[in-house]
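Each structure below is given as structure tokens.
Below are two complexes that have subunit A in common, paired first with subunit B and then with subunit C.
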Partner chain A sequence: MSTALIRNPLVLAFLSILVILAAGEIISPGFARGDQISKLLTVSAILGIVAAGQCLVVIGGREGIDLSVGVMISLGAVLAGNVMSGSNGAIAPAFLVAGGATFLIGIVNGLGVTFLRIPPLVMTLGMTGVVQGGLTVITRGIPSGNAAPALMSFVNEPLFLGLPGILFIWALIGVLMWFLLRRTDLGYAIYAMGSNERAATLVGVPVRFIRVLLYGLSGLFAGITGVLVIGYTGNSFVSVGDQYMLLSIIAVVIGGVSLNGGTGNYFGVMLGAIALTLLQSVLTTLQLESWGRQLTFGVVLVLLMLLYGRSKRQRV
Partner chain B sequence: MAPLLDVAGVAKRFGAVTALSDGALRVGTGEIHALLGANGSGKSTLCKIIAGAVARDAGVLQLHGADAVLKHPRDAERLGVGLFYQELSLVPQLTVADNIFLGHERTAPLGFLSARRKRADVTALISRFAPVLGDGFSPDVPVARLAADQRQIVEILKVLSRKPKLIIFDEATAALDRRQVAIFFDVLRELRAEGVSSIFISHRMDEIFAVSDRITVMRNGVTVASFATADTDQDAVVHAMVGDAPLRERIEHPRPANAAPARITLTSGTSRRLHGVSLSVGAGEILGLGGLQGQGQSVLLQGLFGAAPFTNGTIAIDGKPVPVRSPAAAVRHGVAYVSGDRGRDAALQGRSIFENIANATLVREKRRVFWPRQLKPRFEEALKQLNTKYASLDAPIGSLSGGNQQKVFIARWLATGAKVLLLDDPAKGVDLGAKADFFSLARGLAAEGAGIVFYASDDAELLSVCDRILVFNSGRITAELTGSTLTSFHLTKAAYGEAA
Partner chain C sequence: MSPLLRFMTSRTWLVALAALLVLVAINWYLQPNLMTPRVVRSNLSVFLPVALVAIGQTYVILAGDIDLSVGAIVSLVNVIVVSLIASFGGDVPGILGAMAIGVGVGIACGLVNGFLVAVLRLQSIVSTFATGIVFGALALLVMPTAGGSVPSVYWRSYGGTLGGVPVIYWIYGVSLLMVAFIAARPFFKHLAAVGGHRAASFQTGLPTTRIRIGAYALCGLFSAFAALCLTGETASGDPLLGQALALSSILAVVVGGTALAGGRGSAFGSILGAIVVGTISNVVFFARPPFEYQTLIEGAITLAALAGGVLVARGRRTQ
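Here is the complex of A and B:
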């Protein structure tokens, strides 16, 4: 019973949040103060929203993974910054342009994976290179565009109950993801194809269509995240999104989504995003350099894979 | 002399489910010992305990007269026990040869892997089954590309290659046809002559009586009886299996009216392994597909379902030509496909029983959004019709016994209310009583207007339910059996290609 609880990813993620909070408070008193927590939740929300797309792709199976979310966030941020140029009236078009572009890139990923049968790792890594190149050409490496003031306050300033608007959007995404995965035919189909693609096909699930769609959605979520990132930082540069590639994957794994596909849910991923953001913040408080953080995240990922990854896989 | 294997009072619980409460089994040296029981009676659990794959909660387990400590399958292997896993233990991506020697590679001097020795050993192992392996079998193909019976033979060879003293075959014949079974039995008898013992699990009564020396029967996790095969008969064994619950008799049924409208019609269906096959199934009819394993029966069913579309030919459902290019299209037209190869074709491992049933219904009814409680009563009803043993719809599919899983995959289609049922060895692993229930259910569905196409690797099943049997050979229909020719004699003759 107790071991079952410990092995439950949700419980584990929740416990680690508490532990990291306590550790943070000890290392630097005030770490767990209300306004601090609201700040950390904002950062978690940004990570949590990319991770939503990552989570769908992973659950869908066939070694599903999207390594291009990082550059797609950068692209989204750069596009949004240029569309907005500081004007509140252009926020909606910014979401549209950024989300539209990354959705299409995601669709291309999906087509490559599904119809050309390119392994997702290779396809999305290749796409990362392509988008990165494109971005450098467009921006010539110079930071460009800036966020509309309304967007910045939506992301950073308290809106309701002392919490910024972005957190309500994140909560809404959480509910929608639950609804999608647990109450629609599409959600059931995603689990089915992640668990056993052939069996899913044989009950009439349009596996190929859905797989393409999943990569498209991952792109869309990355694009939206890009807009929020520029809302958070104020302006954008070519590599703003880079760190999210690894982080979104770790959040998904902490959340209990098996990289083999077919299991897990988004609530776990939300907790994972929070836990990871807290960890990142503690590491920053410890004045660990960026390489030290990367190293820590890598180690966390490997440890998690050891813990969950060895669950028995169904054989023929 | 102490028996080779002596198990007594073995108990095992999985959470709230008691799989075994008093398992016992005694197997002598050089004995073929049949183990029988309804689905979920605890056979596989007992075998996994003997093979060290599952840890027992209580009970004694002696091998060669000494208490055996089995913490891992390797421990049992060292003591000479080998297990043929009901759900198979093959790695799909690996080749036949690699699967057979997985975990105990053939080595040359200095510890290098020896490709030459491996090849020689594989060839020797395969040679026994060579005449009955069917198309596309070679030591170098990945197991994923093999048919169900071929994979089952690979699993058999994998166990044999380890040269155990006690071999447990958990439903090793479930997907094999009669020629394959015959060879398998010869192998068992040769092993017996060499002093090797086997435990043989099957739901086919004739096989049990053909090959076993002793029979042990389980019911609800308890070993209830043990007989010498020569001193008992089917009635006594069945009685021990089911207690006083009466088994349904062979289903007698009125011949469907000839004028019944056709549910599904295929005109000159052609694909790589099928040559111009035409057939028509009327409402109320159960059409059997006979012949040796792999003569195009499965290919035909998958073609009708859109899973392996025909390169040529037309399908009409209820008289209207419909392009069936994908299973989705077939499902929406009310067609169902039950595969006996559940691990590959049906099981959504890691998902609940509810989810394993729901997808087909969602596709069939184009439900975009639903609440589980809208569907649950219907699913429970479908499971009940098949007497499925399960704790709750939310339990994972993997917690069910093999036969009960198969019932879930049948229930999946019953819940859709399909009008055309394509059954591809559907009763694989389903016990006697449940099989009879399923066949009478199929009969009932036919009586309500369904058209059913039925393939079984077991001829007796075909003969007991079909109104008509088309016999296949090399992708062609070579004979049609109806009325007085619906006999085992005619079916066998036709299967081997002589004019019936």
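Here is the complex of A and C:
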């Protein structure tokens, strides 16, 4: 019983968060203060929302992975910045344009993966190059556009209970993801096709349609993240999303979702995103040389994966 | 099946070769001096590091894994070799010693990856991403900022000729021999078996763990070779030198007709793949599209080439 509890990814992720918080508080007193935590949660929310899409694609199986989320975030940020140009009235259109464009890109990824049967890693890697090119066409290499003031305060300033609005959006996404995965036929179909695609097809799950949709949703989440990123920073630059590409995959893995598909849930991924953000922030406060920070980050990642990212042993 | 068809379907690199011929024809039309010895040599020396890393990546992918840390391995070997040459005094035995140690470091990095993936059973994408961070950190420890230099004998020999033939052609030649040697060993068949049907190869008694570790070690070895070449090219050390190499090596492998799921493909195809990917860049550059469209066109052609490589690798599977 107790080992089962320790083996539970949710419990593990939560424990790692507590350990990192404690370490942060010891290293620099005040690290775990309320307003600090709210700032860290804001950064976690940005990673967590893009990881929602990544998590769906991974659970859906067939080596599902989306390497194009990074450039799609950048695209979302650039599009949103240009649509808003600092005006509050244009926030909703900004979400529509950014989310719509990245949703369509995700659909193209999904079509390539399902109908041409290109491995997801290759398809989304290739798409990364195309979207990168699209970004250069739109921006001509010069960053442009800026966030509306209302969006910036929604992301950065306390809205309710001392927490910024973005956290409520994230919580809402968490509930929606739980509902989708655990309370709808679609959710069960996603797990079914992730663990055994053939069986899912035979019982009548529209596997191809759902897989295309999952990649579309991953694009949509990346686009929304892009809008929030420009809300966080104020203005965009062409590579603003790059760092999230592999971080979102790591958040999914340390959140207890197997890259083999068919298992895991989004609450784990949320905790994974928080743990990753805290870890990076503790390492920043450590005032190490950059190599020391990077080394610790890499080693801790390996240790976290050792806790629950392992595959099954081969058996005869 | 006719003998011709069998010949073609058993060689997934043929399509990469066809793509290469078409691209070279277009490139030649756009750049009339393409086939002069000087231009051929400079192009091939630009493609060489990616080709070497792609050879190593092929073995890992054949065994059903992937190595995202190759770029960091290249950086680490580069800064270690440059620093060691400086501390050994810069004479020829010192240079050779530093190069040998660099190759050893590359193999050691590969063994670490292999241990994590095959023994500790971590998922290869995320664990080699993490080890890439660690190797990158070590490179920053050795050399915090780009700098240093290698003695002129190093880069002069790399850019020079041996017996009238440019040294980089010798490197291509030796690499091809190594590729052919490895492909003729039982190890290569075992690699493909482990990648294609891991459970079945485990059940028939293949030492799957050792084979996968071997693939990572080879990948580290070829990454170290790439680092030595890049060192000859840049004549200095840079802890961020290899950054783009992980993704471009995977591109080259897939374009070269190796199935990403493992089990099918060849390192020879990956060399062709690296040249194809590089030539796409050249063609787009010399076609002189409006400046801002260059990356987009390059990305679209690369995606098409990737799709082509995948379809070829699969076409054989359905036979």
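Simple rule for what comes next: the second predicted complex is superposed on the first by the 287 of 316 C-alpha atoms of A that agree within 3 Å, B and C clash if a C-alpha of one lies under 4 Å from a C-alpha of the other, contacts with A are read in each partner's own complex, and residues count from 1 in each chain.
The criterion applied here is as follows: a residue touches a chain if its C-beta (ideal position, glycine included) is under 8 Å from a C-beta of that chain, and two chains touch if they have at least 3 such contacts.
Keep in mind it's a predicted model, so treat the numbers as computed, not measured.
When the shared chain is aligned, subunit B comes close enough to touch A:201, but subunit C does not. With both structures placed on the common chain, the touch criterion links A:161 to neither subunit B nor subunit C.
Contact with subunit C, but none with subunit B, is seen for A:136 once the two complexes are overlaid on the shared chain.
Of the two partners, subunit B and subunit C, it is C that touches more residues of subunit A.
When both complexes are overlaid on chain A, the residue A:294 reaches subunit C alone and has no touch with subunit B. Judged by the touch definition given at the top, the superposed model places A:117 against subunit C, while subunit B stays out of reach.
Applying the stated contact rule after C-alpha superposition, one finds that A:189 touches subunit B and leaves subunit C untouched.
Taken together, the two structures place residues 314-316 of subunit A in contact with subunit B in one case and with subunit C in the other. Within the complex, the subunit A residues that touch subunit C are 63, 65, 112, 116-119, 121-123, 125-134, 136-137, 140-141, 246, 249-250, 253, 258-259, 289-295, 297-299, 301-302, 305-306, 309-316. Residue ranges on subunit A touching subunit B, taken from their complex, read 183-186, 188-189, 191-192, 195-196, 198-206, 262-263, 314-316. Contacts from subunit B toward subunit A in the complex involve residues 87-92, 143-144, 151, 305, 307, 326-328, 330-332, 337, 339, 343-351, 355, 358-360, 362-364, 366-371, 398, 412. The touching residues of subunit C, counted against subunit A in their complex, run 66, 116, 120-123, 125-127, 129-134, 136-141, 144, 198-199, 202-203, 208, 247, 250-251, 254, 260-261, 291-300, 302-303, 306-307, 310-311, 314.
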